[in-house]
Structures are given as C-alpha cells and as structure tokens.
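Consider the two complexes below, in which subunit A is the common component and subunit B and subunit C are the respective partners.
The block that comes next holds the complex of A and B.
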C-alpha cells in the first residue's frame, strides 16, 4: 500500500509539472501570436471610445490576463487565473466563459468517443482471441491482416471513405451535425432517433480506427499466454477446454486494461478529424474553430483540457498496472 | 582516431559479405512477391516525387468547360473545381508530400538516435534528464500541439513542415534506441572495446551503431508514413495557408469546398489523394516487412 501511495504521489507531482509546462507553452504561444491580439483588441476598444481603464479591464476579462506589465507579471496573472479554474472569456461566443463553451462541447466528444472506444475494445478483444486460436487458419490470417490495415490507416482516411460511401454513394446516413435541425430538441423518440442517426458515422469511424490496435494487442497477448507453462499443466491434467479457455482469456486481457485506461485519455482530443469531417460540434471542432476565429483564450483552454486528460489517463494507467500486476508492485523502480 | 590501412584480404572479405547481403535481400524479396510489389510502389512514388512535376507544364492547364468532370480517358480521376486534371494534381503534389516526409524522417532518426545513444551510453544524470524530457514530449498529444503551434508559425514550406514534424516526433525513436543501447553496452564486445582503450566515439559509431542500423532504418520508414499522415491531416483541417498544391490541400478543397461528402461530382477528386496515401502506406508496410526479415535472420523461413 505504501509503495502504491508513493507511486501515486510521484505521478501526481509529475503530472502537475506536465500541466504547468503545457499551460506555459500555450501562454507563450498566445503571447507570441503575430500582431499581438491583446494590444490590437485594447487599441480597438480605446478607439471605440472606451476609457483606457475600462478597455484594459475588458481585455483582461477576454483573455484571462492583463496585457500590461512585464511578460513575467502576465504569466503569473494567467497562471493564478487558471488555478482558480478561470479560463477567461471566449471571443467567438461573446459573453460566454471559455469553461462554459468547453463544457457544452465536451458532451459531443465524450459520449461518441466513449461509445466508439468501448465498441472497438469489445470487438477487438473477442475477435483477437479468435484470431489467436485460429492463427494458422485462413480466418485468423484475415482477421490479423484486417487489424494491421485498420491500425495503420489514419483516422481521417477512414472517416472520408466511410463518409464517401454512406453519405454520397449510398446516402443513407446524414453528412453532418448532431441532429436534424427540423426536429425540436427534447426527450422525444424522433429527436433521440435523429441523434443516434447522426452519431452513427462518427462512432463507427472511431470504433473502426481503434479496432485494429485492440485485435493485434489481444492476439499477441493470447498467443503469449497460450505458451505459458500453467496452460500446458492444465492441459496435462485433462481440464476441460472451456475452463482452460477461461484461464487464457482472463490472463490475456489484463495488459489490455492498461491500454484501455491510456486510450481513455483521448476522450477529449481523440476525434479532431472525425469531428471536422462530420461537422460534429465537439472539443476537436471547438479547437479548430477557435484557431480559425483567432479566439486564443478558447484555444488555450481546449488545448489545456485535451492535454490534462491525457496526463491523467497516463497516471491512471500506470496505477492500474500496479494494481493488477503484483510483480510490478513489489518490484520497486521500473526499468 | 585510428589510422586504417585495410589489408587486401580484409577488403575482399568485406566485398563477399556485401555480396552475400545483397543475395540475401534478393532471396527475401523473391520469396514473397508482395514485398517486390512494395519496393516497386516505393520506387514509383520516389520517381513521381522527383520527376513528376517536370512532366507537367507549370501552371497546370485548366479546362474551364469541364469543372468536376467525371473520370474519362483524358482525365482518369476527373477534374477539380477549376477544371484541372486531378491525376496531374496528385502527381505534382507528391513532391511536397514526399520531401516533407524525407526531411521529417531524417530529423527524427538523427535526433532520436543521437539522444537515445547518448542517454543510454552515458547513463546517470544526463540519462534521467533526457528521458524525463522525452516522456514529457511523448505525453503531450501531437495533433493538438501542432494545431496550436500553427497559430504562431505558419510552417507551410516543405522543409519547415518537415522540421516541425521531425522535432516533435523523435521521442519514440530515442526511447527505443536508448533501451537497445542499455542492453548492448553490457555485452562482451563492448567491454572488450573499452578494455582495448578505444575512444567513446569509436565505440558508439563503430561498435554500437552498426547493430542498431537496421532497426533505425525501419523506424525511418515508419516516420515517413507518420509524416505523410500528419502533414496531409494538417492541410486537410485547413489551419495552414495553402501555398503549394499537395494532397492535404486537395482533400480539404474536395470536402469543404467541393462538397464531396454530399454530392458525387467531387468524389473522384476526394478519392485520388486518398488512394495515393493508401498506396504509399501499403508500399512502406510491405518494405518494412521485408526489412524485418532481412535483418532478423531468425524470422527467415528457410
């Protein structure tokens, strides 16, 4: 237990350093944007007849830090704002805080990505076991090759191909958006049906893109376990195949849970291409739109959120690994 | 540095080894025709990148009477929104894509192998610092970072793009090379070299590096695919200004201006660059598979 706690403390400390580094990067980037958006905004407000004081306050509210003072003072201001979870105001959605914009976008990313991840995990694990058992047969080969191909192809190629097939050639699915705009949002069958219809392509793409990795990982994990001595011993003792199979599956799936924890880190930022292609208003699309609209406060916030999720997932995966594999727990420092 | 006067016999032996190596390559290639296909695909792409743009007049001819023309003998993949032949666009755009990929791969390999060797060979404090840094780099998600970076620096030229992708991408190679170095440096032949009082440069360059070269070469090819995906993706998302024609620009214009996901007219315009990406990937995967067997004799099915 003490080892676990010490590990946790180390991870959290390292995670915090990561987050500080990331915020520093986004601060420096926002500051070094050509043409200095802060000064330009301030200038514009003053020209519009605002008093310098009020203008400065307005800019401050917009970006979450004061445009006056040395770089260091601005940095401290920005960081203390973040420490109070104040991400500033969005420019492109006037009068709304960055946190609010991000929160409302997050649900359009988290739910489809989660669905896609779990779908591909289940399919990959089940088919991976099958591919490992039948690895000398034709079907096993086909499964493994399909896995390698899907694993190698970038997400946007899959998304574009699926889009070309299901929205252009055989237009049975909608090309973009979250729901039919003609249907009133609400808890009605028509609206929910439309939601599902619109989510099908993004989820399907995400699941297909992930499936290859899962099937390959599960296959190699099962093959390793099948070669273990305890399986041979079980076979020699004349155990039923179904029971042996349960031994295999249970031991083979363990390492995959760590990968699953890691992949949940992509919950926020994993669908940038898919969201852009299917015009799905999640965090990825928010990030791209904020860049195109020069809304740097929103951009910094989205980047921070996406990165934090990855850092947290990394910590979780490592801890999970310690919990499920006793060898790591007693082993002290990993190599 | 040791002065080297290579005796005749040794030079002859080296030549024999080299000849045997090429014979082995040929044998591995011949066993599976798919590997030959992979090499041919890569050769075609290299030819396309080097000579392709010379085959077409510089501003590509526009046929304003045939916008989004369907595929025909004259235009195998149809035409784009200005009536330019799509095949010509793919061919001329390949130079940018491949040049970037080569620059990226070179930087990835040089920086990654350099840092990995240094950290693994020196160990101690430098190792800890460098690996912490590498871990950090590996944790920050690459695409969002590239997107954010694109607001400050419009890295549109092929060399700049390759530089950015290379500098962001060496983490994995560095980690792998370091762990290989760590295991190799404990082997007898390194100890012997150290016992002989050979310089560190000699040990690293002449004893360690040759053993890892094939592995590094494979990583370079994998870096090429990564670079192609990343740059095409960045241009496709449209966060960088379009200066030169390349596959990502084509995808962007096909989807977001041509409406390829709603009408069939722009579909060939969308599919042509996708097909090019898939073919290039296939070629690289097949060649990496062949290299794996050439350099890893245990995999050879004799």
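The block that comes next holds the complex of A and C.
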C-alpha cells in the first residue's frame, strides 16, 4: 500500500509539471495564431450592416475588456487564474465561463466516445482471440482482413459512409443533432429514446473505427503468448483447456490496457471530424468554433482539458498495472 | 493406472518424427528404439538438433506442429501406447502419469499467478478432490528440495532464481505422483553449484519416490553424474546405448569416442581435448541413406554412403556403426573388461 501511495504521489507531481509545461506551450501557440477576436467580432457586426462606430462600441461593451499588456503579463495573469481553477471567460459566448462551456459540451463527447471505445475494445479483444486461435483457417483470415480494412479507413470516411447508408439509402436514423427538437428535454422515455437514436451513428463510427486496431493488437498479442514456453508447459502438465485459455487471455490482454487507458485520455479531444459530420455539439465542435472565433480562453481551456485527461489516463494506466501485473507491483523492491 | 508398487517401464519402438518444411517432411527422429527399464535413470545425450528434445516430447505425444509422429510406438506401463492416445485421455496422462520438467532457462510458469495458485490449477485440471492436501504435498516437495516451500508457493515466477524455478518445475512434475519423469536439459543455464544441487535432488527424489527417469542433455558430465543408462543421439538416431559406466569407459561408436575426446581435463594439457571437426547436420542436411555421422567420421568407409548401419547388440549395449561390426573381436572385449574394473 505504501508503495502504491508513493508511486501515486510521484505520478501526480510529474503530471502537474507536465500540465504546466504543455499549458505554457499551448498558450504561446494560441497567442501566435494570426487574427484578433475583437476584430473578428467587429467584422461580423459590420457585415451584418451595423455602422463601424456602433460596431466598435458594441464589441467593447460586449466583452468589457480587451486583451492588453505584454505577452508575459497575459501569461502570468492566465496561469494565476488557472492556479485558482479559473479558466477565464469565453469570448465567443459572452458572459459565460470557459468551464461552463466545456462542461456542457463534454457530455456530448465523453459518453458517446466512451461507449464507442468500450464497444470496440470488447468486440476487438474477443474476436482478436478468436482470430489468433483460428489464424490458419478462413475465418481467422476474414477477421484479420476486416481488422486491417477498418483500421485503414479514416474515421471521417467511415462517418460519411455510415451517414449515407443509414440516413439516405436506408433512412432509419437521424442525420444530426443530439435529440429531436420537438421533444421536450427531460427524463422521459421519448427524450431518452431520441437521445439514443441520435447517438447511434456517432457511437457506431467510434466503435468501427477503433475495432480494427483492437482486433489486430489482440491477435498479435495472443499469437505471441501462445508461443510462450509456459503455455506449452501448462499443456504438458495436462492443464484443462479452459484454464490454459485463461492463462493466454490474461497475459495477452495486458499490453492492450495501456492502449485503452491512453485512448480514453484522448477521448476528450479526438472527435472533431465525427462531431462536425453528425453536427454533435461536443468538445471537438466547441474547439473548432473557438478556433474560428479566435476565442483564446476557450481554446486554452479545451487544450488544458485534453492535456489533463491524457496525463490522468497515463497515471491511471500505470496504477492499473500495479494491480493487474505482479511484475510491476514488486518493481523497485528486492525480489 | 500405474501399479503403486513398481515404477513404469517404457519401450520406444521404431519412433519416427517428421517436421513439415518447405522442402517436404524431414525426419528429426528416425527409427529410434529405446527402452527405459523400470526404476532407472536414462540419459539421452546429443548436440543441438540431434532430435533429443523431440524424442522427449514424444513420450507425452506432444510433438509441436509442424512436427508429427509419423511412425512407431511409445509403450508406457499402465498407459499403453501414448502415440495412440488423444484428446482427454492424453491430457489426463500428462502430468498425472508422466511429469515433464522444462529447461531451467525457460519460463515454465504463468508470470501473473503465484506458484501455489498454479498448483491449484493443476489439481483442478486433474480432478484432485483434496486441494488442501495437494498444496501440502507441493510444500513438502519444495521443503524436501531445500526451499522454503510456504514462501515459494506465495511467490511469482519473477521472484524466483533459476535454481529455484527448476525445483518448482520438478515439484510440478511430481506433485500429482507421476512415476515417469522427463527432464529436458535440467541443468542448462544454471551455475555450477546449482547444477550440482539439482543433479543431487534428481538422484535422491528418483530413489525416494521410485521413479523411472529420462534426462535429456547435451552434457556428458550430467549423464555420468546421474544416469544408469545412456543413449547417444546423432542426426535423429540413437547411435549407441548401454549402461553409463560401460559406454563411457569403452565407447564403441566413433561419435561417442569423439565426444569423450572433446572433454577438457582438469589435469594435463588442455591441448589433449580434441574438438570434433565439422558441424552437426541441420534438419535438411541429414542424409537420407547411409550413416548420418559419416561426414565427420574418421573411420568412414564406402559402405557408410549407402547402407544404414545395423544396430549391433551385445549384452546390454548396442551401437549402430559399420566400423563397430568390423571391430567385433578385440576392442569391445577390452572395453567390457575396463567397464567391470571401474564398477
């Protein structure tokens, strides 16, 4: 237990340093993006037919402030805000805190991506074991080829294909949005049904896009473990097939947990194309909007969320290993 | 079921094991006849690729694909011909009737489970009702071999040294009371002290539990240390066999002689050790006709190219060599006498 706590403390310290470094870098990158949020807003108002003077006044009144001061002063201000867990105000959604915007977008990303990832992980792992055992047969080949194909097709192509099939060719699913706007949001069967209906295509896309990688990784991992000495040893000791199968599966799935933890960390930022295609108002879409609007604060907040998620996922992966792999557990102590 | 009072004997007849390769099926073991008399330790010695490990796996009908037993039989008392066994019958025989000990350098344990849990898995696989008793037996065996049994049962593989792993391997081979034990390179990749300890344990456990033991090794020293009988393999064939002392004191086959001549002595000139010229044949390089050893043989004759050397049996010894047949008169007699002097 003490080992676990010491390990955790070390991870948290390193994670914080990592977050500060990445935040600094993304701060610099964001500030060096050409364009000015106030100018962009001003441009928009003028295009909508407002007089230039009025537009100028409206913009300043709207935001109540302009980013002033040197880059260093802005940086210090931003970081001290972060230290107080204050992500700042959104510029493109005036009057709303960045954390509020991100939180309301997060649920539209996290839940579908999580569902899709877990679905593809389960399907990929189970079929990967099967593909490894039947690797000399036709079915094994078919499974491996299906994995390679799906792994090779970009996510957005899959999304467009699925969209074309299920909304146009066989129009059984809605093309976009999160729920039918005619149904009142609430804890009603109709609303939840509509939510699920609308989430089906995004989730299916995430699941199919991930499946190829999982099945290929699991297949090669199982094939490696099958060739290990201890499996032959177990056979020569007359172990039951079911027990040997458990030995194989547990050893083979270990390396996949790292990939799973990392991909769960990435789920906060990895859905940009899919959300655009299905017009799903998650974090990816929010990030694109913030970039178009030069919303520095929102961009910074989104990047910070992604960074933190990846760092936390890394820590989780490592701690998970101390639980499931005895070789890691006793690491650092004399055997 | 093997009768409790006597260890099982093994009779291998005409055993041929082939491996499927792009060049067709090639024999790794061809036409081997070998007896393991009940209660003895037999050592099989050969270089890498001589077919000795394949022979060992054949005792469990466990030759791995792309290999297969193409011909012959392996009769084990209480089991019958294991070549004819399959499925559940074969699985039950493994571990329960025949214990197999892996090379020490190999990782023969599941790295994710403590040793004790793997003993339980073994017990469940073989329908052992008294699992608590099985664990006690395992602990007793480990204690007997000089380990802290309780601690080892709680340990993972990575927490054990090579010598400890090897003893765990022996424990797993014996804990279900198998009376026939196969040890594949039991002392490879362990240091000299551990090697001596393991060999002592093999000898003692063999005697205490009344086993029939087969030791596979490339080291004549190991065989000299533990084996009652000795079989020398080359190119998939047994070229000479007999009681260990007699064979080592008076080798008949030129390959056995060359092996003995290649051992460096502790005393005397290091130059007296003569390395065997050439290399052992690869699977594809084993000649189909004639003698497998002729390429490296100092006594090569014309007949060696074409005729497979007949097995010349004299008493409890045999050798497969054309030259030995010609020798018939004097040398073997001298050899036998020397053997008796030493025993």
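FYI, the second predicted complex is superposed on the first by the 261 of 335 C-alpha atoms of A that agree within 3 Å, B and C clash if a C-alpha of one lies under 4 Å from a C-alpha of the other, contacts with A are read in each partner's own complex, and residues count from 1 in each chain.
Keep in mind that, in the parts below, contacts are C-beta pairs under 8 Å (C-beta built on N, C-alpha and C of every residue); 3 or more make two chains touch, one makes a residue touch a chain.
This structure is a prediction, so every number in the text was calculated from the model and none was measured.
Contacts of A:5 after superposition on the shared chain: neither subunit B nor subunit C is touched. In the superposition on chain A, A:288 makes contact with subunit B only, not with subunit C.
In the superposition on chain A, A:240 makes contact with subunit C only, while subunit B stays out of contact range. Of the two partner chains, subunit B is the only one touched by A:154; subunit C is not. When the shared chain is aligned, no partner comes close enough to touch A:170: not subunit B, not subunit C.
In the superposition on chain A, no contact is made by A:138 with either subunit B or subunit C. In the superposition on chain A, A:276 makes contact with subunit B only, while subunit C stays out of contact range. Legend: residue contacts after superposition of the two complexes on their common chain; A:85 is shown touching neither subunit B nor subunit C. When the two complexes are overlaid on their common chain A, residue A:182 makes contact with neither subunit B nor subunit C. Considering which of subunit B and subunit C touches more of subunit A, the answer is B.
Within the complex, the subunit C residues that touch subunit A are 57, 60, 62, 64, 91-96, 100, 102, 106-114, 121-122, 124-126, 156, 158-160, 169, 172-173.
By the touch criterion given at the top, residues 136, 139-141, 143-145, 147-152, 225, 229, 232-233, 236-239, 251, 255, 260-264, 267, 270-271, 274, 277-278, 281, 285 of subunit B touch subunit A in their complex. Here subunit A touches subunit B in the complex through residues 17-18, 21-22, 25-26, 29, 32-34, 148, 152-154, 156-157, 160-161, 163-164, 167-169, 175-176, 266, 269, 272-273, 276-277, 287-288, 291-292, 294, 296, 299-300, 302-303, 306-307, 310-311, 314, going by the rule given at the top.
Taken together, the subunit A residues at the contact with subunit C in this complex read 228-230, 232-240, 243, 247, 250-251, 254, 324-327, 330, 335.
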